[in-house]
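Order of writing sets the chain letters: A, B and C. Residues in each chain are counted from 1.
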Amino acid sequence: MNLNLDFAAILERWPVFLDGALLTLELAFIATVLGALIGALGAIGRRSSHPLIARICGIYVESIRNTPLLVQIFLVYFGLASLGMKFSAFTVAAAALTINVGAYTTEIMRAGFDSIPRGQIEAAEGLALSRPQIYWHVVLWPAIEKVYPALTSQFVLLMLASSVTSQISAEELTAVANYVQSDTYRAFETYILVAIAYVFLSLIMRAGFWLLGLVLFPRRRRLGTPL
Amino acid sequence: MRKISNPPTNSPVVSLKDVHKSFDKLKVLDGVDFEVDRGEVLAIIGRSGSGKSTALRCIDRFETIDSGEIVVCGHRVNDPKLNLRALRQDVGIVFQSYNLFPHLTIEENIILAPCSVKRVGKAQAKEQAQQVLAQVGLEDKLHQYPEQLSGGQQQRAAIARSLAMQPKVMLFDEVTSALDPELTGEVLKVIEALAANGMTMVMVTHEMGFARGIADRVVFMHRGRVHEIGSAAILTSPATPELAQFVGTGL
Amino acid sequence: MGGSLNINHLMFLGQGALWTIGLSLIGLIGGGIAGFIIALCRISPSRVVRLLSAGYVQLIQGTPLLVIMFLTYFGLPTLGLTVSPLTAAGASLTIYVAAYLGEIWRGCIQSVPRPQWEAAEGLALSRVQRMTKVILPQAVRIATPPTVGFMVQIIKNTSLASVVGFVELARSGQIINNSLFEPFLIYAIIAVIYFALCYPVSRISRRLEARDGPVRPIIETA
C-alpha cells in the first residue's frame, strides 16, 4: 500500500468545497420545506374519506418508496426534457428530491395524525371548531411534535441522499468532490474529506432542527420534556 | 345562522322523543323520551351498557340516531341539514377523559374556540378566560400546561373551556369517573356552583349522593329505555325493582 | 443491440435485475453479520467498545452511501489497492448496511423487557447464555418486521453501484439507453422492475408489523 497521503492539496481547494456544501444545504432546505408541505397535504389526502383522493396519495407514496432515488432523478430529468422543458440541473435536482421526500414525509405525518386520540378531535368538535380549524390547531401541531424526531431524521437522510444529484451534474458537494479528485488524482483524500464534511453537515442540520424544535414546541421548552 | 336563537321560555331546552339507536345489531337506545327545561339539572343514571352515555352523546350529535326526534335549543339534531357548529355553540360538553389540548396552555385551551369560532378579540377572550377560570377556582393556572395540573384541576379547566363558549346547556359525561375519590369533590363543587347559577345541565353520573343533592330530576336508564324518571326522591324510594337493585348495590 | 427496444434488451435488463438481487443479498448477509457485531458492541459492558461502535454508526449514518462507494472504488486504488466494481459495491453496502441494521437491532435487543434480563440473571446464566437462550430469541421476533422493511432500502440502494460501473439493473438500463436513446421509456421500465422487486417486500414487512403491533417507526433511506 502506498500510504502517501496529502490532504493539504485537497484542503487548499476549500472554496469550491464550501460552494458545494452550501448548494447541498440549499437543496436540502428547499426539499425539506416543500416536502414537509407535500407530506402534510399527502397525509390529509391519505386519510381522506374520498376513496379516489386516498388512493392517489397511496399510489404516490408507494411508487416513491419502492423505487430508488437515482431512477426517480433520471425520470424527472428526462421526463421534463422529453416534454420539451429545459431546466437547470439544480431545479431538476430540487424537484426530484422534493417529490422523493414528500412521499416519506406523507407516511410519517400519517402516523402522527393517527396518533392523535379520538377524544382530542371530539373535544374540538364539541367546541364547534370547523374541520380545517381542528386539523390546524388540534391535529397538525401535536402530530408534528410527536413525529418530529422521525421527520428530522428523514430530512437529514434527504440531505445525504442529495449526493445522488451529482449524477445529473448538480454542482453540490459530491459533484465537486468528483471534479477535484479527477483533477488531483487524490481520490482517497478527497472522499475522506467529503465524508467528514457530510458528517459535519448532518450535525449542523441536527442542531438546527433542535433549535427549531425549541421554537415550535414551547411546551417542551417550558417543561423540559425531551423530544 | 341559528334558526331560533331564543326558544320561548316555556319550551324545553333539550327534548328526546322515541329515540332509537343501534350499533350494528346491538340495540343501545330503544325508544328514549325525556325533556330538560331551562335551568333544570337532569341526572342520568344506570348500569354500564344501559345506553346513558349514548343518549347524552346523541344530544350533541356525537352519535347519529336511527329514528325518533331530538331538539336542542331549537336545533333539530336529527335533521340532515342541521347546522352542526351552530348546535355545538349552544351546547357545551365535558368528557370523562378531560381532553384538554396537551400542547396548549390552559389559557390557550380556553380562548381557542372563542377566538376561532366566535371571532372574539384576543384581549377580550383572555379577559373572559380569567373569568371562567375564577369560576372553577383555577385563576392561578392560566399559563400552565395541562400535564402540570392534577386530574381534578384538568377536569375543572375543561369545564372552564366549555363555559367560555357561553353555552345554553352543558352536558357532563361521567366527568368524575377517571378521578381519585379525593379529587372528585372539587369537580362536583364546581358543577354545584353552576347549577346554583341556573345553568341547564344534563349529566351522566355514578355519584348517587351527588345526583340526589343536585339533580332536579333523575332518569334511570335500563336496557336502552327510560325505566324510571322523577325527582331525586326516586333514588330513596324506587318504584321499580331494577332501580331498587341498582341503588341498593350502591353504584 | 440498437434499433428499437427488443427482447434482447429485456433479457439484458433481466440479467441486471438478477445482479440487483445478488448484490442486495451480499449487502444483507455482509451487513447483517457486521451489523450483528455492531449491535452487540453497542450494548457491550465495555465503555470503549460502546463508544467506538457508536462512533462508527454516527460516522456512517452521517455519510452518503454514494461517497462510501466512491471512496472504496476510486479511493482505494490511489492507495495501491485495486478493487473490482463488485467488490467495491459489496464492501460499501456491507459497511453501510451494518451501521443501520446494527442500530435497528440494538433497539430490538434493548426492547426485550427488563424483567426478562433480570430473570435470566437470577437463574445464574452466564452472559453468553443469557443472550443466546433468553434475550436473542425474543429480540429476533421484535426485529423481524423492521429488518424486512430495511431490505427494501438495501434493494433500492444497490442502484448506487451503477455509478462505479457495476452492471446491475440501473446500469444495464443506462447501457441500453446508450444505444437506443429513449431515456424516459427505459428509466420508466427500470422503475417498474424496481417496484416489482421492492413492493412485495414492503407488503410483507407491513403484514409483519400489523401482526406484531406497531413498532417504532424505522428510518428509511432514500
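We adopt the following convention: a residue touches a chain if its C-beta (ideal position, glycine included) is under 8 Å from a C-beta of that chain, and two chains touch if they have at least 3 such contacts.
Protein names from UniProt, one per chain: A, C = Amino acid ABC transporter permease; B = Amino acid ABC transporter ATP-binding protein.
Quick caveat, the model's predicted, so the values are computed rather than measured.
Q: Of the chains shown, whose Cα mean is nearest the mean of all protein Cα atoms?
A: A
Q: Report the pair of chains linked by the most C-beta pairs in contact.
A: A-C
Q: How many angstrom lie between the centres of chain A and chain C, each centre taken as the mean Cα position?
A: About 20 Å separates the centre of chain A from that of chain C.
Q: Calculate how many whole Å lie between the centre of chain A and the centre of chain B, each centre taken as the average of the chain's C-alpha atoms.
A: Distance between chain centres: 46 Å.
Q: Distance between chain B and chain C based on Cα centroids, please, to the nearest Å.
A: The mean C-alpha positions of chain B and chain C differ by 55 Å.
Q: In chain C, what residues contact two or more other chains?
A: none
Q: With touch defined as at the start, can you tell me which chain C residues reach chain A in the complex?
A: For this pair, the touching residues of chain C are 58-59, 61-64, 66-68, 70-71, 74-81, 152, 156-157, 159-160, 162-163, 170, 183-184, 187-188, 190-191, 194-195, 198-199, 202, 217, 219-222.
Q: In the complex, go through chain B and note every residue touching chain A.
A: Listed in rising order, the residues are 60, 62, 85-86, 88-89, 91-93, 95, 97, 99-104, 112-113, 116-117, 145, 147-148, 158, 161-162, 165.
Q: If we count contacts the way the header does, which residues on chain A are in touch with chain B in the complex?
A: Touching chain B from chain A are residues 117, 119-120, 122-130, 133, 137-138, 141-142, 145, 217, 219, 222-223.
Q: State the interface residues of chain A toward chain C in the complex, per the touch definition above.
A: 1-3, 62-63, 65-72, 74-75, 78-79, 81-82, 100-101, 104, 108, 111, 147, 150, 153-154, 157-158, 160-161, 163-164, 166-167, 174, 177-178, 181, 185-188, 190-192, 194-195, 198-199, 202-203
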